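Presented sequentially are two complexes of chain A, the first with chain B as partner and the second with chain C.
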Partner chain A sequence: MCDYQKCKHWGGNQDYTSTRNKRKTHLCCDMAEVEDTLKRIQGYNGVIGSIVVNAEGIPIRTTLDNSTTVQYVGLLHQLTMKARSTIRDIDPQNDLTFLRIRSKKHEIMVAPDKEFLMIVIQSPTE
Partner chain B sequence: MPPKRPKSKVIKEKEKKNETPDEGASESAHPEHIFPLVLTSVTQELFGCRADEDVTGENPFKLLRKEDIVQDMKTRAAVSDFSPVKHIVLEYPEDELLLVFDRDFTYGQCFYLVLTVEAKDNMMKSPAQADDDEEPMKDEEEHVMEPKTPESHPWISQGSEQEIEDESLTHARPRLRYKISPLMRHCGAPVCFSDGNDGYVECSSYEDKSFSITRMERDTSIQASRDTTHSSTQTLWKYPKNMCTQYEPREFSPEEKEHHLRSENLKNFITSVAIRFERSLQQNVISDVFCDDWTVLCEDDGVPTGKTETQLKEYQSFMDLHFSREKSISHVHWHPSISGVIAVAMTERLSLEERIDNSTKLLLNPSYILFWSFTDPINPQLQLECPEDVLCFQFCPSDPNIIAGGCINGQVVLWDISAHVERLQDTRSGGDNISNNLDKNDVIPVVRYCAVSGIENGHKAPVTDIQWLPETFELSRFGIPVENSSRVCVQMVTCALDCCVLFWDLRLPRAVSQSLTDVKQKSEEKPPENPHGVPNTFKHLNLTWKPFIRVSLPKIGSTGEYSPLKFSFRDNTVDYITGDKPPQDAEREEVCGFAQLRVPSAKQQKPLENISTKLYVGTEDGELVYTDWKMEKDNDSGRLFSAKPTHQFLAHHTLVNTVSRSPFFKDIILTVGSFGFAIWKEGVMSGPILMSACSKVMCTIGHWSLTRPALFFIGKKDGTIEVWDLLQNTHEPSQTQNISTASITCIRSSSACGKHHLLAVSDRIGTLHILQIPWTLRKSSNNEKKNVRKYFEKEEERLEYFEKRQIKHEKHKKEMEAEQLKKKTEPAVPLKPDEELEAEALKEYEQFLALEKIVLKNMGLLTDTIDQSDL
Partner chain C sequence: MAERSDLKAELERKKQRLAQIREEKKRKEEERKKKESEMLQRTENVSEDSDLDRKRRETEALLQSIGISPEPPLVPTPMSPSSQSVSPASETGSQESIDGGTVGRTLQWDTDPLALQLLADSVHGCKMQRLGASKIVQIDFIPKELVSYSKETQTPVASDQPEEEEDEELSVPKSEPVPQQLEEEKLQEDEEVHPRELTNEEKEQIVHSEDFLFFFDRSIRVVERVLAEETDIFFDYSGRDMEDKEGDMQAGSNLSFNRHFYDEHWSKHRVVTSLDWSPQYPELLVASYNTNEDAPHEPDGVVLVWNMKFKKMTPEYIFHCQSSVMSVGFAQFHPNLVIGGTYSGQIALWDNRSHRRTPVQRTPLSATAHTHPVYCVNVVGTQNANNLITVSTDGKMCSWSLDMLSQPQESMELIYNKSKPVAVTCMAFPASDVNNYVVGSEEGTVYTASRHGSKAGIGEMFDGHQGPVTGISCHNAVGPVDFSHLFTTSSFDWTVKLWSTKHNKPLYSFEDNADYVYDVMWSPVHPALFATVDGNGRLDLWNLNNYTEVPSASVTVEGGCALNRVRWATGGREVAVGDSEGRVWIYDVGEQLAMSHTDDWSKFARTLMEIRANRGDEEEEGALELPA
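Moving on to the complex of A and B:
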């Protein structure tokens, strides 16, 4: 997306990072990409909040207030670990990719990873 | 032979012979067939049975001839040893008797005589048998004893059952029963207890040492049991204590967060995970999987079978012969608290010239506001006397006994009907007080007005609309809404055709109250007189009442002013259909009378936010004006003046007869002009959201339905009512119904009359029709409000779109014009001479031919011959 030399940030002292495909992108654009994706997800119809958490359960980035974030993270982290261990117990080759919890009022979606965890809460559009 | 042998023989004989057991079987007693004899040695020699010589222990038997014994007895007679058995011997059947040598003196003598033949036989046999048995027995004893399973034999009595029977208790005789009872005459008789030793002998026990019984036998029983031991243990009792821990979650510092956000891993994670999220989010947005369509479906279809009528049914109609003839009803209002009571304002159907002509007649016939009750369709319950024709009136929301009305001469009138409320309430119960009703029917109470405004300071044209301000706020002198501490409605707003909107306060202003003269006067004054039975509620206002804010409506963009007909301001209390109502009677203290209330000083009042001070005003010329009622101070003169209206729209081309807010949406306004209606949204300044087509018949009045958000009623000049349903059709009404022959002047609906939902429709000939709203028109579906809101939003968007398009069009137009202008102003290109043009054309053609050749050559289509021929 950045296209290092064609990007508007080109010129001057711009640090860059190299991506998987060995393309250079500016650091600020890198961040911007992440921000863009997060904003896009947040902007969906009905999304109440989104949280990015590291492997230990410490929130990195959130759109909700602190106490709510901490509560959600604490509970969902354990649940995700439990769900993942369940899947792996049944079949060690398998792994958890996505967890959706549907409740009366909204739906909580959790995507685990080796190092991070992302939580999105969406309420039905009615 | 073992010595046992004779005993066993003896026992056997005993068993066989003796039926009756001998008690205490002593061996010395001899059985009957044995007779112990003592034989002298002489006798022994005679019979050849000398002891230990002829007869021995082993061979004790000796058979003696009977004849010999008889002879012996004859010879020696009494001396004979056989003399005791003489009788038996003589009777003995056989010839030989057995004499047995009793070596062991078992029967007490050394010899015994066997007396019976059988015993003799037995004796003779048994030794022989014993001798026979002895040898095989001996043989057997030498061999190993074979174990034999004991065979079951029937029980053989050995005499033990005798003992048991002796031990048991049996009744020797049946039990005796005695019943002792005192004589009947002693029963219940008073009892006299006394000491007495009569007939009472006491024998106490004492120990007699000379006589003691020792117990020889005692019954005891023994049961085996385990060893028992006692043991105990003590546990530590831990005293319970409350403990607590305090913790807080771990968090990252902002720098760490930044660091993490920048990391490569996070980026990869987000990009890989975002796809999954988006898919799921999209799914949720598209359709709600968990919604149960079946249950949702049935909610919409709530019409019970049988009630398929959609027409407004006439319930009652009121027409008074005395007062309503040749009059038209200008305004109708339901009583807010008493159900079944409706108030109607009657006015003359005269134009201005006719009024002037008939002014004397009019003075004699005052106009009234009539109160009708459903229980009595013929006679009104109450009459309110008005100074002039009243064009509009309103019940005070906080106190339904106060009624404010606006007259045709510009005065504002106040009534207080608290004295007659009971009568109105009584009529509700109907047939209970028939007798009372008959008395009261003759005289309908007439209530005179409490107060009128001063003519100089009020309106100078007919008052066309009047409304009370809600009790939650009041206005200060500048028009700023402040908190209302008294919690009653104290202010009202009126508008008239003299181009101003006036704000009135029911309380006396502070300045007046503080003057000393007034105070003195008050203390000296007698209670003011009460002519005509008018209550003193508003005595302080009578004839001196003047408004405290005057809002003028100068025209935007031109001189002159708007002349308002109707107005509507935002009711800043919560939506009273669905939301919470402000606490009404419970919290409000007893109203201490408006005379005591004073306008609080401006410093004490706290300005309230969130209250919109904007007004929508419908004018005589068909415009809808949006203005603010706050007064601004002119810096130069220090006078207060009102701001210019912010917006005006020319919606209708004739006068606007209704400006009404929807009870469900605070920002939706319905305006009705003569040829149609328009729906506006507050905040949308470009135009109406919905405008109806021009109708053939003039519309006279419009009214929102109180129960269905999408429904409203339009009254027409020919006496029909149109029911418009926004969710069904917006280009035509969903229903039309003719109610009366004259034009409709007012429509009001009420839901306070129990289960009936009634619509009051008044017309120009003075009849008030009460119609019943059918189920379909009053039951709203669950989603109706939402749908209507969506509809309005859509319309709003449409308006916005049009605006944008218009802007775009204009821009485009401008651009077009600019281009055209530019073209015109560009210098003309000089024409080249023809030859040059030809030369240029030829050159181009040759270039083209060359290009063609190259292309064909490349494609391999060109042959050399053709190429050469061309050249």
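Moving on to the complex of A and C:
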């Protein structure tokens, strides 16, 4: 987001990092956090991969190879839409918050949102 | 007719030229190989000849390039003596040149210098020494991070920005209609295939957007909790032996290690300065950290909110501040607010509803507020009428309203005997008392103080410690007998003392420690139980109903760090300890020790009487009975 004074967080008491290329970035906008966080997720026990997808079903960030990503995204996007519509059909006031698919080999966790989708594939520790 | 003959002659010459080129090429390749093997065997004479020849040819090539044609007979004669040795290629070439005429010679000259070049190279190759790689030993020192401030002002560069924005705008609408078309086409073809790939810039745009960060922040929290769980829902009790279950064996022990909280990035090399448990969510723990001297670019003050309920090792919330946070607490009647007192005297307020890591409100750095480090923050009062009380080391006590931190509602100098202000290091309010409190000072004296009333300010002085008082705790447990006049203090003089507000001398002194005692806290449920931590890494639990000489349970934390803070959880079953390396250790207290029985109160009353009796025997008449 940043560029400090042009950022929407500018104004008032703002703390910033002073290093990144000697330009100030708001601490809240420090983008390295997103990458580091994804790396950290990848480092969890048994995690095979993680994918972040936008509303159209296009992967934005992924730690898997392209073909696998495309396959997972295509299938899981549809499944999530179907699951969400199922919940909504049963009760229109309800909405899908988390989807967990447990199979013999893996567990696929999908954290949906209005606009994005986060998919994490973990193999259970036995 | 003449034209035809001319044409024919030209054609013949061209054919000859082509043939020459082909032959020369073949010969050159062969001779290159021959030359390489020959040159290795040759002596210097040969090389000299070749040098001479080379020089001659070079000069003649230069002349030729200018336009002066060399005399044909000169060409072959210098070469004949060395014909055997050096360059059979040039010899044959020269012969060919004679045949081919001037046209052929140009070709020969063109190609010869290249041959000469090769010769020269191979000659030089012989003479040059063989160079080999030497082993390089590389030593890397991590450069010391120097804090640098860019002195230029960051006024927006107006000229660059509009261009960039325009570019972005241009690129975005362009890309949108194009992929839409593509999408439509592909959808018509095959709906399962992905419409398009996003370019890296588009991805960066999305990742930088506010919505994405919001989504990411929330989802990551949930996903991490889920990932950290290692429970196996398919566990089959019938198939496994019960011997695998070792975790339950520790149920009998009094004090057992549960888990520890440590963040590689935010809590490394920082001292835990304060801890607090949340009153609303008993599993949330907030810890404040000191500066990290190894990383001067990181913010000086860090506050992390940890979650006990889930096994994930990352903090729930991370908050920063530009000055080290010395004391922190959850705002008792505002579930979303975290209050921190900093080294600079500012009080910072963080809100976990906002997605910022920086304080949403801060008190000003002015003389009306604090200008010295604030070691004590406390919210007292009721839901409707509550105040934030802060005391700094220059003896100033300020009372604030959480809605407005721009100036204190009231402030007071804590002065004893109208002479000198009290340098307050710790403060405690007795349970359900909003007016009177006790403070410990750097000189080793403890004072009672009150906020309002006729005796506003410092009341009595309690003298007993020989070193600065590091921790003070008022009796918390509520039960049949009221012990709220009791408080304990810990100090650098290796002792922990038990006091009553009615006597200005300590009731009892606990001297089991062998290092500075950094903190003490009464258990919230058990009347006779309190915990202390010291500089040796020892956590002691004292149960005064059992023994008063030695702690009832003791454990030394691994790592050999000094323990700075101890806090009981609201249920009285867990103890959180913060150490000097940035780790927060959670210990479970065994049930027999932690849980109180109905007769514990009466037992404690008897213990107190015994203590008083013993003290009365030992002491002379120095003790004053203070009005309650």
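Simple rule for what comes next: the second predicted complex is superposed on the first by the 96 of 126 C-alpha atoms of A that agree within 3 Å, B and C clash if a C-alpha of one lies under 4 Å from a C-alpha of the other, contacts with A are read in each partner's own complex, and residues count from 1 in each chain.
By definition in this document, contacts are C-beta pairs under 8 Å (C-beta built on N, C-alpha and C of every residue); 3 or more make two chains touch, one makes a residue touch a chain.
Please read all numbers here as calculations on a predicted model, not as lab measurements.
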Which superposed partner A:Q122 touches (first chain B, second chain C, both, neither): both
Which of chain B and chain C A:M109 touches, first, second, both or neither: both
Touched partner set for A:Y44, first chain B, second chain C, both or neither: both
Partner chain in contact with A:I58 - chain B first, chain C second, else both or neither: both
Residues on chain A lying within both footprints (that of chain B and that of chain C): 17, 19, 27, 31, 34, 37, 40-41, 44-45, 47, 52, 54, 56-58, 60-61, 70, 73-74, 98, 100, 102, 109, 111, 113, 115-116, 118, 120, 122, 124-126
Residues on chain C engaged by chain A in the complex (per definition of touch): 147-150, 154-156, 161, 192, 194-198, 203, 206-213, 215-216, 218-220, 222-224, 226-228, 230, 232-233, 297, 299, 314, 320-322, 355-359, 362
Interfacial residue positions of chain A with respect to chain C in the complex: 1, 3-6, 8-9, 13-15, 17-19, 22-24, 26-29, 31, 34, 37, 40-41, 44-45, 47, 52, 54, 56-58, 60-61, 70, 73-74, 98, 100, 102, 109, 111, 113, 115-116, 118, 120, 122, 124-126
Chain B residues within the chain A interface of the complex: 249-252, 257, 260-262, 264-274, 276-278, 280-282, 284-285, 288, 290-291
Touch list for chain A against partner chain B, complex: 17, 19-20, 27, 30-31, 33-34, 37-38, 40-41, 44-47, 52, 54, 56-61, 66, 70, 73-74, 97-98, 100, 102, 107, 109, 111, 113, 115-116, 118, 120, 122, 124-126
